[in-house]
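The two complexes that follow have subunit A in common; it is paired with subunit B in the first and with subunit C in the second.
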Partner chain A sequence: MGVVTFLSVGVRFEANVEALNMVEVSGNYARHRRVPYVITEGGRLKVVYVPAVSGESIAHGYQVALAEEAKALGLPVCSYCSIGEFLKSMDEEHAAEKFDGKVPKLSGRSKKEELVSVVGEIESGIVRKCVVEDVGGFLYAGNPPVKRTSRFMVSYALPIKSVATYATLEPQLHARHARTAGERREGAAEQMIYYVETGTAVYGFTFNLDFAGVGVSSYSGRALVDDVKKRRLAAARALYRVLSSQGFGAKLSRFLPGGGAVAMVATLTERPFTVTSPIYDGFAESTRERLERVKATFGEKGYYFEMGKDGLKTPEDVLSAVIETLKKEGTI
Partner chain B sequence: MAGSLSLRYVLAEVRPHGVVSLRVQPQSKARASLRYPSLTSLLGAISYPLAREDGREVVAADGSVEPRSAEFRRLFEHIAAEVVGEGYTYGSLYKINEYYRGKALQAVSALSNTFLYGEQDYRIRILYVLAGGVGEGEARLVERAAWGISRLGSRESVVSVEGVSSGTGRVYESDSVETTFSFEVRDGMAIKGSYELIASPDWRSGPLSDISRAARKRVAYPRGRVRVEGKGLRVFEFEEGVAIL
Partner chain C sequence: MVAKTMGTEVSGLEEFESIVRVLRFFAATRNYSFLDRIGNALNPETVEVALRDALRTFSSIYDASPADEKGLKYYEYEEGRRIRLPAKPSEGEVAAFLRAVWQDVGVARRVAIMAMSVPAREER
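On to the complex of A and B.
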């Protein structure tokens, strides 16, 4: 049997009066992200529009936490990622600091061997200098273009299906005082009103983290750094932080949602395995049954963690158990 | 049937985690979404867990870099999907004020997004028919990889595999067949029933690094079951269904 390197987590969280993902400001109206949902009601299909939080939004929060955890462990993070601007090494300008200003280029004769070596050099240069781009991937649109697939994936956070009709979106009226002291102009309003759409729902989302690819080249499959385990630890801790403190979403300074995690399931496997989406009822049972089947069929190791079972009372208990198991297994 | 050929298959039942983003190629700012997964998406879905076996996700081809799926093509004789439940595509134009590093650009940018949403029992059954020369060991790897399918299409399209079955099916010719799986529409075919047509990039040939320039095949996705009539249809019959090769 091998080492467990694939983590999948399904989370249900209650969020009351939140503005976690705003998509548009039109005049004085800030609109929440919404998605159509097909639900069954009285045996008939019906489309309802429900609040949602995009995977991109959660991924941003995760990468902010990752940058912080990596730095705390003394690991490299580039200057843009350090301040939460995940432009990644998107072009020569943004990749420059990883190569002391000289990003490797093709000489012009694009021979196969040269291409492989230059592409490999670019990937390895960026991975070495930035843990966020190592774990979160990047797309360098230079010559040659280099793409690194993200080692984590995250779904949209969507209202759970069984109570989707209870999810609400409501514009809230706010007022901001206009400047009146000093010069008082005729007809000028003393207050400026604006609306922020707030959502309320029990959301579910999935987060996968593939430890096997951390610090590893997409081109050769070989490790590019000698601190792979430390990088994996940073990736695991960042997830702990995001899920424990619900550290994602916008407008948290004024619209910190009420609520918190109400259910969580996590699995650790040798090869990719994704928990059943928490938006469906029975997701925990389905995940556990499938995991048992994979373990039995392929003789693989696999661990299952569920909030509310085996003494794991809180989300923190689940995530601590995951990290302890990763340590025991020698993954991190 | 005398002289009929046997081929192995792996069937994965995939459940989207709410959103499947299947972008039409080539991508642009106004990205449209497909309602059904293209054959290249289905190949890509299983390529991720397959490539993970040795960590090599990308391979160099002459003059360009290819996703590893280009290498895995040889494993498959046929790929098809059966979609249970009707998805819902949604697109909206977003007006976004751009703020960038101290400069408030006040610019407005249009970004349309279209996603596929599913009803409560929305599922996709993906059929991978293995090529004749694929051995026991590789077949086993494909079967485990099918359990490991974790995303379909692009970005946040996380999926879980709720079940995998495998076995052997037989290939024979027929002039009439009923199927629930997607199939390539060829001249001379008569299709009875409801289906949606998608121009899918050809997963078998050409570079996969830039499928926007790849040749398109017309692929029909039945809504339920359709009857197809035509001269000498190549049929793959297996325990859970029937597909047209």
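On to the complex of A and C.
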């Protein structure tokens, strides 16, 4: 048996009166993201529109936490990622700091060997200088273009199936005030009203993290750095932080959602295995059964953690147990 | 400065002409999101929600745009480029369109196609 390197987490969280993912402003109205959702009603399928939080929004929150955790562990993070602007090494200008201003390029008449060599050099240079781009991937659109796939995956946060029709979207009236004395402009209204659409639902989402790919080349499969375990630890701690503090979403300054995690399931496996989506009732039981089947079929190791069972009372208990197991296994 | 109207002819879908014109306005201003949602819809619910969002946005733009001396409304979508706003669709036209969509969702796709085409009669 090998080492467990694949983490999958399913989370259900209750969020009341939130504006976690706003998509559009038309006039004085800011709209919440909503998506079509198939539910069964009276034995028939029906499409309803429900509030949702995009995976991109959650990924942004995770990468902010990752930058912080990496820096706290003394690992390298580039200047843009440090401030939460995940432009990544998208072009020569943004990749420059990883190469002291000289990004490797192809010569005029390049051969295949040169292409492979330069692509490897670019990926290696970026990964060595930034943990966020190592774990979160990047797309360098220069010459030659280089793509590194993200080592983590995250789903949309969607209302759970059984109570999806109880999810709501409601515009809330707000007012901005103009000055009423002194330099007040002639004709200006004293109040400017605007509406922010707020969502309320019990959401579920899935997060996967492939530790095997951290610090490893997408092209050659070879390790690119010496501190792989420390980087994996940063990746795990960032997930802990983001799930513990619900550190994702927009407009948190005035719309910090009421609620929190109500269920969590995590698995650690040798090869990719994703927990059953938490939008389904019985997702924990289903995950446990599926994991047992996979373990038996492939003869692989696998660990299962569930909030509310085996003394794991809180989300933090689950995530701590995951990190302890990763340490025990020698993954981090 | 170029001022265009939204065109007037919608062959075969005359009933929904004002809706086509509103969608044509979004196409002309390169805001394709509503058109894509309506044109790609696989079920009537999707069309309803997308049309509601489109009309909500159009209302905001329409109400915020000043009228000229003839009472015509224009929208400046880029510096030096403005476009004449079509009228808001009537309640009856919207209801007829939604009824048609519930009978055949393909109507929405055809309306979106018309909105992306060059109107047969165009005033400059």
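FYI, the second predicted complex is superposed on the first by the 328 of 332 C-alpha atoms of A that agree within 3 Å, B and C clash if a C-alpha of one lies under 4 Å from a C-alpha of the other, contacts with A are read in each partner's own complex, and residues count from 1 in each chain.
FYI, a contact is a pair of C-beta atoms (placed from the backbone, for glycine too) under 8 Å apart; a residue touches a chain by one contact, two chains touch by 3 or more.
Nothing here was measured: the structure is a model prediction, and the numbers come from that model.
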Looking at the overlay, what does A:Ala284 touch: subunit B (first), subunit C (second), both, or neither? neither
Scan A:Tyr29 for contacts with subunit B and subunit C and give back first, second, both or neither. second
Touching A:Pro272 in the superposition: subunit B (first), subunit C (second), both, neither? first
Touching A:Val48, do we find subunit B (first), subunit C (second), both, or neither? second
More residues of subunit A in touch with subunit C or with subunit B? B
Intersection of subunit A interface sets (partners subunit B, subunit C): 24, 26, 36, 47
Residues of subunit B touching subunit A in the complex: 15-19, 48-49, 52, 54-65, 86, 88, 90, 94-97, 101, 115, 117-120, 122, 144-145, 147-151, 155-163
Which stretch or stretches of subunit A touch subunit C in the complex? 24, 26-29, 31, 34, 36, 47-49
Enumerate the contact residues on subunit A facing subunit B in the complex. 6, 8, 23-26, 35-40, 45, 47, 54-56, 59, 85, 110, 112, 115-116, 119, 144-147, 149, 153-156, 158, 161, 205-206, 208, 210, 212-213, 216-222, 271-277, 279-280, 286-287, 290, 294, 298
Please give the residue numbers of subunit C that touch subunit A in the complex, ascending. 43, 45-46, 49, 53, 56-57, 59-61, 63-64
